[in-house]
Every structure is written in structure tokens, then in C-alpha cells.
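Chain lettering (A, B, C and D) follows the sequence in which the chains are written, and residue indices restart at 1 in each chain.
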Amino acid sequence: MLQIAARHLEKITVFDVSGDIDLASSPELRKALLRELRELRMPRVVLNLKDVHYIDSSGVASLVEGLKASRDVGSRLVLFGLNSAVREVLQLSKLVKIFEITDSEEQAVAP
Amino acid sequence: MLQIAARHLEKITVFDVSGDIDLASSPELRKALLRELRELRMPRVVLNLKDVHYIDSSGVASLVEGLKASRDVGSRLVLFGLNSAVREVLQLSKLVKIFEITDSEEQAVAP
Amino acid sequence: MSQGSLLLKMELRSNPETLCVVRNALGELAQTLGFPEAECRAVVLAVDEALTNIIRHAYQGRTEQPIEASFRRIRVARDGAQKPALEIVLEDRGATVDREKLCGRKLEDVRPGGLGLHFIRESMDKVEFRRRWGRNQLRMVKLLHAAETRKEP
Amino acid sequence: MSQGSLLLKMELRSNPETLCVVRNALGELAQTLGFPEAECRAVVLAVDEALTNIIRHAYQGRTEQPIEASFRRIRVARDGAQKPALEIVLEDRGATVDREKLCGRKLEDVRPGGLGLHFIRESMDKVEFRRRWGRNQLRMVKLLHAAETRKEP
């Protein structure tokens, strides 16, 4: 079961995501990302993936959609806290390079 | 998969147990306990159950066998670090009272 | 018995190493159905104990023997209403269960063994054994109390 | 195809909620067989992706449709020796797979979708599709390299 909790800093939304991101749950992540980026035009959206222990191609697709939306509206999508399972899958997808990934939340929200 | 690591203090053996204790793994726990108590006559054996997230009746049976052995040879068997899953099962077995259970390792190895 | 919608069926072998596989699948299934955490643990315990008994008693420790586990969402009549529940049926082709022995023992007697049936009965709302077509069938039902209350206020 | 010793067979429904149940069971099964952690994750990913494709493409998102997953320990000839391996067969009764589409796409093209087959091929040692008796069959094999080396030095 996926849980997405939002924290609002000034001009930044941090989503603390926990659970598995798969076919059942990725639509929820996609919705949260698109709402924050396309509708609310948040200048930066940060995904805390520390408690995500599984992601599959449908999860990666949601992240790519979020990334595209952020590019369209001139916002930034930043990921941090990737554990080995998530990192492996992004590496396998050859998409690690296109995402902005930081080591810590501090870096992810830095001005 | 069950893992049992032994630490030896003066006249006390502490077993750090991790994994599930079920029909597949309880014989291993039973063997470790009986060896320490019956063969080596260790005056106190302490079980650290902090990383045990599951125990069933075959696991409880192994603990009861350890307890009986400790009584036979005049040693002590002390448990600590029980999380809710383990505690619930011991409660269900009505055997919580017959075991010596402490809150911390400090108390478990105290003179 | 096989009414209701099938959630999952597993064909297993009577090897102790199978238990953790079933526990993991079932824990997740129960959570998906909306059982609170402590009830997920109870359902998992009951099935683990029942499979342990099949391996030890029905098959007398022989490995590689077939066991079938099916999980269905059903509705049962309770307090004049139809309540959703999880039905679990375990089937083996082992020795006929001796019903005399199924009554369990007094817990006051401190000794290893004899706790499995007690755990099963405490964990589930309904437990029934039957012999049918040369197979032992154990049917267990757990009501989805909490989820019901949550969804239909 | 059904040689080797059966470890587990699951009868599933084409509901996305089923995926986590299968992942949990399989993760535990792979660990029990001796696969190192990263390979357990790879096998779980491959099966999750294959089931996702069955749900989305073969059944076009329709839920409650039947899927069968079987897991066997087999031996395959490799480098002149017989190596132990895990064989996974997934079967569905959905639309016939269009083999043209199964080749996948170039990853350079940044867009959502089209990664599943790539993940499956990268994660497993052998991947075969076939249509048989009105069913789609996907057979995947993962060699138990590490365990082999450990047990037979």
C-alpha cells in the first residue's frame, strides 16, 4: 500500500512516499505529481523515496510523466533517499541521468 | 531464514536471534539452547529477540524445551527485546508468566 | 464451500521451507483486504499452524506431498446482517485426522507442543475440519469486522 | 515444460492488488532457493512486470480474469554442465500476444512506458513466449549461479 504525505515549504512541496510503487499504486503517485506541478504550478517538487522499497516500470513511468510536466511548466522535480532497489530499477531503465537526484533532503530543498 | 549469533560474557551466553522462528527453523534454536544449557552448563542463557518478527507454536515449544533444560541444570533462561508479534503469541500460549522476560539487555545480563 | 470470489489459490508442497512463502503472501493479502495489523498477524499464524500440522501429522513429516490453499472473499450471516469475511480452505491427501486428538490439551500443563490448534481457534472466527473425497479439508473463516465498520458508517 | 520439481503454483486474478501478494511470496521463495539478494529482487521485478503486462495488455485492464503462475526447480544445460535454475511459467487466457510489439523500444527515447519487457529480459536468463491451447504462456528461467558455486566448490 502506497502512502504519500505532503509537506509544504516555501515554494517547495516535499512528498514523503512510503510503500511499493507498482501498477496498483502508481496512478496515485502520478496524480499527486501532476496536480502539484500542472495545476498548482509549484516551482519545486521533492520526492522523499527513503521508505519506497520497490518500484517497477509503471512507477518509473509515473516519475517520467512528472518530469515531463515539470519541464513543461518550468518547475523542478527532485528525488532523494533512493535505496538500492529503487536505484537498480532506475539504472536498468537508463533514466538515472535524466532525473535530478540528491543524497539528502537538505540538498534537495537547498536554494 | 533464522540466524543465531552467540556472544559470550562471563558465565552468560547471549544469543542474538533474527528471522522467523517456525517449523523450518525452530530445531536450530532448540539445538543451540540445549547445547548451551545441557552440554556446556552455562549458568545463564539470554535470548535477544529484537529481530524476531514471527514465532509460532513450534518456536514456543523450543523455548519451553530450553526453559525445562535450564530448570533441570539449575541455569537461567532470560528473554528480552520481544516485539508485539512475539509477545502476542506468548500471551496466546499463556506462557508469558513462566518465562523470565526483561525489557533490556542490561537487565537481562545484570548480576 | 467454494462460493465467493477467489482471491488466490496456492498449490504447495509439504516442505517446512514453504511456510515462510505462504506467510508472506497471506500477510500481504490480508492487508490488501483491509484487516488491521494485529488481525493480519492472527490470520497468518492460524494458517502457518494449520500447515505445520498438515506437514507433521497428516503427512508425518514426509516432504514433497501436495497441499492446496485457497483464499476467498465471502459473506457470512452474522447478527442478522451479511458480513464480508476471508475464507481459507486447506486441503491435503494425508492420513485421516483422528478427531479425538483434535480437542487439544489443557494449557496449564507446561510442556512443549499442543499449542497449534489452540492458536488456530483463538485466531479465527470459525474452524471446521472435514474428510472428503480422500482429502482432509480445513476451513477457516475470519470476519472483516474493522474494514466493514470503516467503510459503511 | 513442466519437468522438474514443483515448488509453488498460484492461481491468481488479474487485479493489480494481486501483484504485491505475488512479489512477497516469490521474494521469500527465491531467498529460500539461495539466490543472493540482488537476484531475488531481479526475479521479483521480472514477474511483477510480466503480470502487469498480462493485466494491461492480454486482459486490457479487465480484472477477475485467471492467471496461473508456477515455480519449479529445474536443471538446465549450461557450459557443458547441468545447472540448477528456477523456472517460472505464467499463463493467461487473454488476447493473443502480438509478437511484433514484443520487441520493445529504444530507451534513448524519454517517455513513459515501454520498459517492462526490457526489465524482464535484463532480469532473467531466458524468456520465451508461446501460444498454446488458447493460452499465452510466458516461460522465464533464472540460473542459480551463486548457490551452485557455494554448494559445489
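Going forward, a contact is a pair of C-beta atoms (placed from the backbone, for glycine too) under 8 Å apart; a residue touches a chain by one contact, two chains touch by 3 or more.
From a predicted model like this one, the values you see are computed outputs, not experimental measurements.
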item: Chain hops separating chain C from chain A, counting only touching neighbours; value: 2
item: Chain A and chain B, separation of their C-alpha mean positions in angstrom; value: 43
item: Chain B-chain D separation of Cα centroids, rounded to whole Å; value: 40
item: Distance between chain centroids, defined by C-alpha means - chain C, chain D (Å); value: 28
item: Set of chain C residues in contact with two or more other chains; value: 17, 20, 23, 32
item: Those chain pairs that satisfy the touch definition; value: A-D, B-C, C-D
item: Residue ranges of chain C in contact with chain D within the complex; value: 5-13, 17-18, 20-25, 27-29, 32, 64, 70
item: Chain D-touching residues of chain A, taken from the complex the two chains share; value: 20, 22-24, 54, 56-58, 60-62, 64-65, 68, 84-85, 88-89, 92-95, 98
item: Chain D residues touching chain A - in the complex, by the definition given at the top; value: 16-17, 19-20, 23, 38, 41, 44-45, 48-49, 52, 55-56, 107-108, 110-113, 115-116, 118-119, 122-123
